[in-house]
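Take a look at the structures below.
The following pair of complexes shares a single chain, chain A, combined with chain B in the former and chain C in the latter.
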Partner chain A sequence: MTPAGLALTILGLAWVVGGSAWLLSHRSYTLRHVPRFFADLLGFPVELSQSLFGRIGVPYALLLPNMLIFGFFTFLPMILNVYVSMTGGSSIALFDRPFVGLEKYRDIFECANILIPKTCSNAGYNFWTGMFNTLWFVVIQVPVMVVVALLTALVVNRNIRGRGFWRAMFFYPVMLSPVVIANIWNWVLHRKGALNAAIGGTQDTLTGLAGLSGFDIAATVLFGIVLMVVSERTLRGERGLSTPWASVFCGIFALLTAWAQPLSLAGLPGSGWLGLALAAALLWLVASERAIARAAVIAFGIAAVLMLLSIQFDAVFDFGRHRPVNWLVTPNTGWPFFWLVFVFCWSHMGFYMLILLAGLQAIPADLYEAAKMDATKPFRAFRRITLPLVMPTLTVVLVLSLIRSFQIFDEVYLLTGGGPGRETFMVVQNIYEVAFSSNHPDYGQAAAGSILMAVVIAVFTFFQLWMTRRQSDL
Partner chain B sequence: MSVATFLSRTSGNRETADRIGIQDVLAYGYLVVGVLVILVPVLWTLFSSIKPETAVDSFDTRILPMSQVIREIEGVGEKPVWIWTAEDGTETLVFKAGPTRRITEVARLDAPEDVFEVPREQLREQEEMRVAVENYLDPILKRNGQETFNFFTYLANSVFVTVAATLITLLINAMAAFALSKYRFPGRLTFTILIVATLLIPASIILVSLFFVVWSFGIFGSLWGVIIPAAATPTGVFLLRQYMLTIPDELLEAARMDAASEWRIFWRIVLPLSLPALSVLAILSVIWRWNDFLWPLIVLISDPTKHTLQLGLTQFAGEFNSDFHYILAMTVVTLIPITLVFVWLQRFITTGIATTGLK
Partner chain C sequence: MLTRRGALRAVVAGSVSALALTAGAAQAVELDLMISDVDGKAAIIQEFAERYQEQNPDVQITLNAVGYNVIREQLPIQLEAGTGPDLSFVTNLGGMHPYYVDLSPYVDAEAWEAAYGAVLPWYRAGNEGGIYGFHTEMTVTGPYVNLTMFEEAGVDLPEPGSTWEDWAEATQAVMDETGSYAGMVMDRSGHRFAGPAMSYGAKYFDDEGHLIVDEGFKAFAQMMLDWHESGLMPADIWPAASGAKYTNGNELFFNQEVPFYMSGSWNTSNVQSNVGDAFDWQVVPVPCGPDGCGVMPGGAGLVAFKSGDAEKEAAAAAFVGWMGEEEQAREWYARTFAIPAHAGLQKEGLDYEAAGATEAVANALQAFTGMASAAAEQTPQAYDLQGSQFGFVMYNATVQYLSAAMNGELSLDEAMAKISEELETNAR
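Right after this comes the complex of A and B.
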């Protein structure tokens, strides 16, 4: 038995035996007081400190167990980390480890070019690959998650039917364990899984439809009518232009641009991105009530009609036979990374949505009523009332989700195992593999890695807090 | 009032009814799509887990658990049954007697020796609906080569870890919260700041040295090594402290007049009064402990008798392609308790977490 274990056992014995003796000598218990006796025994340290020091000792005794655990299992490891990172060997006896100074850090930083992990020593290669993947993941994932969570919170905060049901449903994935989540999504994203089956089925249907004679004419006419109705609604909102209808219009416009490929006239790719950018610009113009918004909507409508005419629908729907994609395994496609971001958002979004929902509900309703009196449009109300007032909550969500996504391990490890190659290899996986799943564990290396990771997280957190402070002052 | 108005109003009575606007359409569209994205994978896993092994292996995407009928044929053995539709439209039950080619040799079920040749296009699988209970029962009862999967051990370990950790968490967090909310003493601010600080320390950066600490306490490789380090949670202390601040001090003073000790006040007055906050923390703690993966993986992985359900589930991952039906079934088994907790307490959880507002 280790000394610490021995000490724990002695402490436990002293608690139970000494406590019983003390309680029985100070108070009288009858047989029906047995439950009370055990409750008193549980609180024996508190009782003892009250009898020794009076009431002033009580709060310390109450705090003791919590502080012992925090001290031994949170603060002590923080300090030990520094020590461990300066020792070598694979011994797990803490004071049996040879001191090597900063050698472990030097291994990590031993690179020809630190931005290209391939040029680093083996330890540095693994660490920097993981670190850059994690940074990339955080940079993409945190904004996506916060925007989706805010959007969802705004929607479920509306006066909708079955509000509790929708909220609960969005929260449900938070309850699931990483193993379960990984199994479910493995099953969906498998080469022969549900996603490929669904995509294949849809494409087959569309290809079949496109083969029907006259289908392209009918589809063009139908699309033209939809376009007309939507742009009419956009232009004749209750008060000037209508933002929700404009967003529908923008969605259709982006879709049409992606299909019509206007840039291909000049032999350039990237029409899809152009469509998205144009649609976002138009939406911004309408939402912020610029003077030229009306003219822009009309211009975009004309452009949409032209693109619609230029589209040959049979060509558009000629997807060919769908080849199943091996979503999590095919390298150099970006799909494994995309699905990690997606699955992570899927499983954690509900939690941040709830926090934001609490923030939204704290905003007094009369502010919105006043805005309504002044005929303020919804988007303007969102930007001038909701966003500033929900900013403190948003900061909390940003910091929490940043810290959480830096620690991503379980889902990746179980879904892709860091692959294909090292495309989704995260820094925590590096720490785990170096210290716990190798035959020659190098605890010093892992500790050095975690300290560097802590530094990066601290920098990011402070930067974020500083940024949001500046923003919320506006 | 027209039917359309009745169906499309969102609030108000007959006269002041709001018609559904584009905003409502967008909102409901978003909600429906979002819930589909969340539920479809889970439901599809659930439905797939009751499909027979062959259907799972061939990734049958139909919802119902259909499987090809397999019949015992005298002198031949077990064979899948096919329906042979002849040129004149008559259907006969046959089994494949020869190699599978464009022209396949088959024989009738009732006349196994009478082999004849038919084109493959004329054969269709005879299917029946069958719920594959064995997906669940094999691993649980250790049948059919699933002897290494000790379901009940894993379940017992998971339940023990969850219950013990939750009880300890509730007790010591409530004690700390009581101290921080009801006493004024030197160092109160220091303790509060220390607890806030732990909120910002990510668990994964102290992984390595926590391993050293747990090892030197002699609880490495035992369930206590999972239970104790996670027992003190800053979230819990905060949540309970905020709640206990609302309990009037007069109650405590009255009890002190009656010469109750401070511990009795805590045990008999403060704890019962903080029951709502305690139950929110209990739910959170159950979720955290039941779903915990990385730390148990480090502490318990070397000893198969100490695995929790989550670790046991990963056993299948190595032999991934062969045992998909068992993986799905056991995934559903792991998912069910937490889903029941969720369905039972969802109103409580969503309001409770929203009001505490922290991890």
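Right after this comes the complex of A and C.
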């Protein structure tokens, strides 16, 4: 019998035999009291605790088993991890490992310049590359995730058709295992995957069409009609200018600027960025209901028509021979990192959306009714009512997603393996590889890395506790 | 007709037999065998195991087919933790020496020394004596070429003795003509890299026998960097992954996306079964450099692991010993299309075609054998590297830091410095 089995047997026997003896010696039972006897026997530990520790001590006595298990499986490994981080050798047996003090930490911090990981020792190079990649990922991914989750929550909070379906759809990826998520997106993003197949097919079709005579004129007319309809819808919203239609108009304007390359007339590059900046400025004017917004839309419309007439559409849509993009593989393109952020948002966004949805539903509806009676624009209502009232929930979402994204490992390991090179190599992967996937497993180094990472996560956790307390005090 | 007493006797006798059988089964030694089934060898070893069990009913062998990465990365940890299998096919021959059962008491040691003497030191990790494994395949690295793509492109195959630069030029021409994805691909492995590096003067050992990287190593590394930068070698293999992760180029070669694939003899049957009639292929003599035509020998071995259970260790060692006997070894090498490590069988030659190999496979194995002989003369350090217990430290560091250089994270000089640091730390 295993020691655990023996301990359980002794405990069970003590409960049943000892409990029966105690009950029979302190109370009298007849045959008709048999059910009561068993009920008393079941509650015997509580009675015993009460008699031993008094009423105040009972809750602690009841917590004791849980605390013991928690301590054994959580606190003890943490303490052992600290000890392992101060040992060397390759043995997995704790007491066969020689004590080396802070050597493993020194290896990690052995750098000429800690901000440039390649100037560190190999241990430091790998650790700090992972750490900085993780921090960069957190900085990019968390705001994107929070904004997207908020926008989605706002949409599914409205009384749209099939609202339940959309809520379920957005939440569905949260229930998928990271392995499934990585496989799905590998099928999509592989060089011969669904995305490249779709892009290739579209490009080939457009290239074929662009080769037809009259394509340029037809495309100019088509875009002209679209531009006309969109401008008209933008200018004639229900209450002044329409922000949604303005965003479509701005998108078309940015696209036309990128194709027409107006700055090239002055021999300058960067027309694409110029178009995006102008479009963003126009959208801001419309959304914030500035007085010059209407005139600006008309001016942009005239500029768009002029650019439209200068574009050679048969050249724009001639993509030549399609060479698929290696989304997850080609180094120094930024695509692997972009897709990692995208996939992480896609798979986790539903969870945060749900929390925000609960926050949005807690906002009293009469505030919106009052705003409506005052003819407040939706964007203003969002800024003045929704955002301030949903802020406590938003803070929780922000901190939770911050901690979760710092712990990223499984998705990235399965999707890119940390590559290309070290572009998506995260700190948890470094800890895993140092300990478990090298021919010279260095458990001490891995433990030291995990302690350093725990320090960073602890900072975020304390920040969360502080923010939560601050919110509840307000 | 049975009398009552007879029936009772029959029942008792039947029960006793059943009990004896049950007891016998309960006493059977159960052995776990781990194998990486990337090349279809699991089905063959299963047959051998079943045959062995028929002859030895007190042994039960359970096969555990896993990915090669499990053997590379997880097996050492399992063994260290005491949860490893009893038997396994391994490629890190010297590195796992501490866990091997010495087969000497279970085999005819003299016969084994005579048959496998050339490879037995690879398992000893620098120690003297002992027999630690049956070398299930003698492998040699070398290139596969898609003849159909060369023909379509109208490009002639470079002559034997041509350099890596010549092959780069030829495969670039094929790539340009056919629009293929890449021109050359090499498995993401420091072992694959080592042979060509030796052709360009890489010594791999200093005078004291320590592993080093030198100017020869750097020369071929620079060529690899250039080929990846120009797109002649695809980003999918070396630059794509992180760390020392192994990746092979099979898929690219099988799908006719690359006309030249630097792999090895172990892959021959796999190429045959995957390519089929899709295109013509051939193993060509490895490209050369100023210091020879380097390839790396190597291979896999079946070993028994220490478990602390003497009965299990003896049973595992006996199975390995049985596999290494000439009769089994001949059949194994022929059916797996492997170059034999057994001296007698090498001399005798094997009839691969009778075992189902196509002419292309038989020719390929012949070509690989020729390359191994040439390398033994021109780049003898290849055999020393294969026998080094620190070989995998070198292979992993090569992959890890050269990939970083290919991605622009490190310059080549920085990568060389990092490889040297790795060798100083883990290979002394």
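The rule is simple: the second predicted complex is superposed on the first by the 353 of 474 C-alpha atoms of A that agree within 3 Å, B and C clash if a C-alpha of one lies under 4 Å from a C-alpha of the other, contacts with A are read in each partner's own complex, and residues count from 1 in each chain.
Keep in mind that, in the parts below, a contact is a pair of C-beta atoms (placed from the backbone, for glycine too) under 8 Å apart; a residue touches a chain by one contact, two chains touch by 3 or more.
Being a predicted model, the structure only gives us computed values, none of them experimental.
Counting the residues of chain A that each partner touches, chain B and chain C differ, and the larger count belongs to B.
Once the two complexes are overlaid on the shared chain, A:L209 sits clear of chain B and of chain C alike. In the superposition on chain A, A:V248 makes contact with chain B only, while chain C stays out of contact range. In the superposed model, A:S121 lies in contact with chain C only, and not with chain B.
By the touch criterion defined above, A:G418 lies against chain C but remains apart from chain B after alignment on the C-alpha atoms of chain A. Residue contacts after overlaying the shared chain place A:I92 against chain B and chain C alike.
Residue contacts after overlaying the shared chain place A:L151 against chain B, while chain C stays out of touching range.
When the two structures are aligned on the shared chain, A:F436 is found in touch with chain B and with chain C. Comparing which residues of chain A touch chain B with which touch chain C, the overlap comprises 92, 436. Of all the residues in chain B, the ones that touch chain A in their complex are 10-11, 21-24, 26-28, 30-31, 34-35, 37-42, 44-45, 48, 58-59, 61, 171-173, 175-176, 178-180, 183, 185, 188, 191, 194-195, 198, 200-219, 228-229, 231-232, 237, 261-264, 266-267, 287, 290-294, 297-298, 310, 313-314, 317, 320, 324, 327-328, 331, 334-335, 338-339, 341-342, 346-347, 349-350, 353-355, 357-359.
Considering their complex, residues 69, 72-74, 76-77, 80-81, 92, 95, 179, 235-236, 239-245, 392-393, 396, 403-404, 406-410, 414, 418, 421-422, 425-426 of chain C touch chain A. In the complex of the two chains, the chain A residues touching chain B come out as 1-5, 8, 39-40, 42-43, 46-47, 50, 55-56, 58-60, 62-63, 65-67, 69-70, 72-78, 80-81, 83-84, 92, 94, 151-152, 155-156, 158-161, 164, 166-180, 183-188, 190, 192-194, 197-198, 233, 242, 244-245, 247-248, 346, 351, 354-355, 357-359, 361, 378, 393, 396, 399-400, 403-404, 406-407, 409-410, 414, 428, 431-432, 435-436, 443, 446-447, 450-451, 453-454, 457, 461. Against chain C, in their complex, chain A makes its touches with residues 90-92, 118, 121-122, 125, 129, 191, 321, 326, 328-332, 416-425, 429, 433, 436-441.
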